[in-house]
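The two complexes that follow have chain A in common; it is paired with chain B in the first and with chain C in the second.
This part shows the complex of A and B:
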């Protein structure tokens, strides 16, 4: 039965100087109780098409065509009629759960409002219904959560609350617009599981919009692929994945990273043994017992301060020409670690040595000459470029600082050379960052990092903000540059799939500590730490059959607070193998064959069946 | 990779270009700007077109009304001085005070506020407490004190007004700097080892300009008003030189017998203030991307 039928949907926007066609004639339908995926890069019109269905387009946009829902054409309905359908029959979950919740209302306030308006329930009955719904989306301690404000909840919890409030009026259709993009992989896996549950339990039809094909594989029955406002391909998920017809779909499939399959890595791994012990020549970078603690305000007592242990005793070493991937959920301290190595945040204790010189002892003026040996590439390509400087000036700036002897001509020559190398032409020299796309901006960021020919580049989630095909281009570029200039890279990501193809070794971080360091391939084949295996398992596989069959180890709950970390092993609160010893004894980082791991039960895990801990 | 985003082919506009386009469509702001241009032109070249000097006393024609025949377009005051020339001269002084005092407050305010905001910590606390102390000083008391010690002098007026006005600017700039220094491009510069001064000049200050540009159009009329107020109290410019404020004061004394002495300068003063307010309003709307359609 067709619940929703869209035909000839066109969305146009009028901007001050031209008309933009965001959606160019889209036809699709949604059956009752079905999960439909809409996949496309940013700017493909996937969000605009569903927004237009609900009449939620921005003021300068108009939609034409027909959207047939229960015998009514939604596009022709007056606003008052549409409002009755919106929320009640068709409900929507947005990408950022924080901005779609009102920060001044408690969860109770947000949820009961809609319910009392639409269903005219008494206050008590409405509350009762809300708590039931919160329990349905698996919020632990639903009644307690009910009285909290949105900022007191984690991102995953907020998204659950959003989903719960969408389900309150038992809609026929739930539209989810990139609901997991802002979340960690581990939380993403939980939310996807939740979506499946909801579909099974309430029979709600779901339209799931995403840029990530991997997410769609296990979840959706049918997939639409969109590109620049056009429908590229439509079909059953298996058909799209196994027999894609459209060239664009094929390219998109190729670009998806597959954590469990062997693909050609971007780098050459010489003998797979770039472990620490094997190479005793002095490493390029040596980090010893690094701690970064911040003092934060105590919300309960005005005068006292609490200690947030963002990085708590990290040891690392990096050889020349090596890439180390650093992976962990958001809030695990990986970005702070990067900034601490570069001395951008004050270090509480510990030592960082670069090229045999101890950075941590040096005052800023003495540190400056060493700064040209190490540099950083940021996550948000646009935010890391000064909007008021031309690209030429942005890339020249390191030269002005470190090579004041160079003439204007020489600077320009070097800048042009490096821009060429990162794949940008010279015409960009006098343009401003906002004139470039995200991927091009990231290339500018790389050019700026590269111009001084540093020895070490720290990449802080350099591809997280980019579309998947662009991600691969940037990673390939980084790998090429590494080979060409003999760079050492520290590559930070929240997603294990991303770092796999570029790293020699990978370090997994949890709550400010490193729990496992292993050669890249070994880590995926034989993860020793339970957290690592959970991370690997959380990455959705872009293969419908495998994804549906494989057993997933879902991590329960969220990352504990780094202000008050759990006793003993920090992972014990979420570990399914945890036993008494894990709660009291802190595990040391120790070596098992080529891997360094901090887990009491690592040996058991490496040999096969671990005994399950008693909770 | 067969896929290339087409984003780069879309014509993207700069913040300022966009703001200019929006501003041009704002009728109130454009009318304000046009009127302002006419007033500026009149004030600069107007005095040369009249046959009278600003301090020339035309004894036979004291307190006569506006007439084209005598060449006193705006009439004369009680001493027989030509009001047309005096109003234009007064405009020169008023606008000069407005612009100079605003620029002074701008320079001090930006450098002070950006320094306090960027370095933060104890330096910030000390610098901002100093601002608080200055805020607490009664403005009139301060001006009278200056006048008593150094005599009445146009420079003193610039100084006094500038000294008070930069406080607001410093606070606004500091607040903006606090959020700007968290941005990644500033962090990128720090990671390169760029010095603090260069970061302030290259990265912080240029990004403050949007706020500053708006603030300045709101400060200029405020300063003109303060000068008028001082002149009205008799603390402003010295005779025979004059300003709009001083003219309004003299006019108000003869309101019943010679209303033109009040009306002409008051009209020009009010028009100028309206112009600046409309331009400022228009710029605030134009530079805020959320307001843009």
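This part shows the complex of A and C:
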């Protein structure tokens, strides 16, 4: 039975200088009770098409065509009629749970408001119903959460609240617009499980919009592939994945990284064993027992301060020409670690040595000459470039500081050379960052980092904000540059799939500490720490058959607060193997063959499990 | 929370001290003194007078004496109104000024927020441009121009309202001064409200509220207004100061016997204690009001409230 039928849907936007066609004639339908996926890169028009269905386009946008729902054309419906459908028959979960809830109202305020708009209920009855819904989406301690403000909840919890308020009126259709994109993989896995649950329990039809083919593979029955406002291909999930007809679909499928399968890596792995022989040659970078603690306001008492232990005793070393991947959920301290190594945040205690010099002992003026040996590439490509400076100036700036001897011509020559090398060409020299795409901006960031020919580049989630094909280009570029210049890289990511192909070794962080360091391939094949295997298991596999068959280890709950970390092993609260010893005794990082792991039960787990069968 | 209170209140003390020192020395820097008049006093009498009011002491001693008295709640006697103390003068003038000032404030907030909201809701429409042009005019035309103009139109030509005076406290007499005092504030608040409301209406949580099927009126009242008013609330502190200084001029123009008029008269006659008294009184008022605004802000914004 067709619940929703969209035909000839076009969405246009008028900007100050031109008219943009975001959606160019889209046809699709949604059956009752099914889960339909819409996949595409950013700018493919997937979000705009669903926003137009509910009349939620931005003011400068218009939609034409027909959207048939229960015999009514939603696009032609007057606002007052449409309001009776929004939230009641069709409701919507948005991408960013941080901004999609009203920060000035309690959860109770916003949920009951929506409920009582459509249903005449007493205040008490409405509250009762809301709490029931919060419990249905598995929010622990729902009644307490009900009286909180959004900023007191984690991202995953906020998204659950969003979903709960969408389900209040048991709608026929739930539209989810990239609901897990802003969340960690472990939380993403929980939310996807929840979506399946809702679909089964309430029979709600779901339109799930995402750029992640892995999510689609496990969740959706049918998929639409969109590209630049056009529908590329439509069909059952298995058909799209195993017999794609459209060239774009094929390209999209090839670009996805598959954490559980062997693919050609960007780097040569002969360095993999030498990466372990740390004692033989002195390492380029040596970090010893590094701690970074921040003092934060105590929310309960205005006067007192609390210690947030962002990085709490990290040891690592890096050889020349090696790439170390660092992964962990958001809030695990990986970005703080990056900044602390570069002395961009004050260090509480510990030692960082680069090229045999102890950075942590040097005063800032003495440190400055060493800064040309180590640089950083940031996560948000556009925000990390000064919008008022031309690309030429941005890239040449480090030279003015560190190479004052160079002439104007020499600087220009260097800049052009490096821009050429990162694949930007020379015409960008006098243009501003906003004239470039995200991928190009990240190339500018790389050029800026590269121009001083540093020995160490720290990449702080450099590809997280980019589409998958662009991600691959950037990572290939970084790997090439590493070979060419003998760079050492620390590559930070929240996604295990991303670091796999570029890293020689991978370190997994949890609550400010490293729990496992292993050669890249070994880590995926034989994760020793339960947290590592949970992380690997949480990454959805872009292969419908495997994804549906594999047994997933869902991590329960959120990352505990780094202000008051659990006693003993920090992972014990979420670990399914935890026992009495884990609650009291802090596990040391110790060596098991090629792996360093901090878990009391690592040996048992490494022998007691089949090597590959866990996922 | 208590700790925060104490810290804030302790922070007020140096502010007030600097304010008092500045006012104390500046008025004494001005040429002339409290006993200069057309009728020249005999030197002995003037010397006696000066000694009686301790004006013959070195300045720092006078300042210390003044502060000492102030701590006991004594503003000292007025030099000009010989039978009255400064405290008594403030108590007669302040209720009148308060009526004017509070009236202007309430008027400014109500109409400012209203005009700003209307402009934001119909952004880039003719209404919007009209509101914005009017408020730009309101900000740029000074009150000593606006007030006589209002008098000219509404009192002289149209004859609807009295041109000045207290009129025994009648409401009709308050209309023109309140409007003249409030106009620049209305204009400023309207611009603030418009700006923040436009931004809030574009935010994701408003889209969420729309997607839940709430009507625009409810979205505005329940979801948008509170955050949109935060900048207005933090402007209320500076607005109080602006209204107090504005009232000095307005009271002169409309001949209202409020504190502002005492202040101007006191300054002209070098009535040191009266000027000091009013400066300290208004200083405390402004500082306390700013403190209350901060508390209101914390109450409105849960993120501030919970640190």
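As a convention for this text, the second predicted complex is superposed on the first by the 600 of 615 C-alpha atoms of A that agree within 3 Å, B and C clash if a C-alpha of one lies under 4 Å from a C-alpha of the other, contacts with A are read in each partner's own complex, and residues count from 1 in each chain.
Please note the rule applied: contacts are C-beta pairs under 8 Å (C-beta built on N, C-alpha and C of every residue); 3 or more make two chains touch, one makes a residue touch a chain.
Since we're looking at a predicted model, the values are computed, not measured.
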item	value
Overlay on chain A: chain C relative to chain B, clash or fit	fit
From chain A, separation angle of chain B and chain C (C-alpha centres, steps of 10 degrees)	30
Which of chain B and chain C A:53 touches, first, second, both or neither	neither
Which superposed partner A:477 touches (first chain B, second chain C, both, neither)	neither
Which superposed partner A:539 touches (first chain B, second chain C, both, neither)	neither
Partner chain(s) touched by A:88 [first = chain B, second = chain C, both, neither]	second
Which of chain B and chain C A:102 touches, first, second, both or neither	second
Partner chain in contact with A:152 - chain B first, chain C second, else both or neither	second
Contacts of A:436 with chain B and chain C, given as first, second, both or neither	first
Touching partner for A:139 - first (chain B), second (chain C), both, neither	neither
After superposition on chain A, the shortest CA separation from chain B to chain C (Å)	5
Chain C-contacting residues of chain A that also contact chain B	none
Residue ranges of chain A in contact with chain B within the complex	16-18, 41, 43, 59-60, 228, 247-248, 251-252, 255, 339, 342, 344, 367-368, 371-372, 374-376, 378-380, 383-389, 397-398, 400-402, 432, 434-440, 445, 448, 452, 467, 469-470, 472-473
Chain C-touching residues of chain A, taken from the complex the two chains share	54, 56, 58, 80, 83-88, 91-92, 94, 96, 99-105, 109-110, 113-114, 117-118, 149, 151-152, 162, 165, 297-299, 302-303
Residues of chain B that touch chain A when the two form their complex	1-3, 5-8, 11-15, 18, 21, 183-185, 187-195, 198, 202-203, 206-207, 209, 293
Chain A-touching residues of chain C, taken from the complex the two chains share	1, 3-4, 202-205, 207-215, 218, 222-223, 226-227, 300-303, 306-307
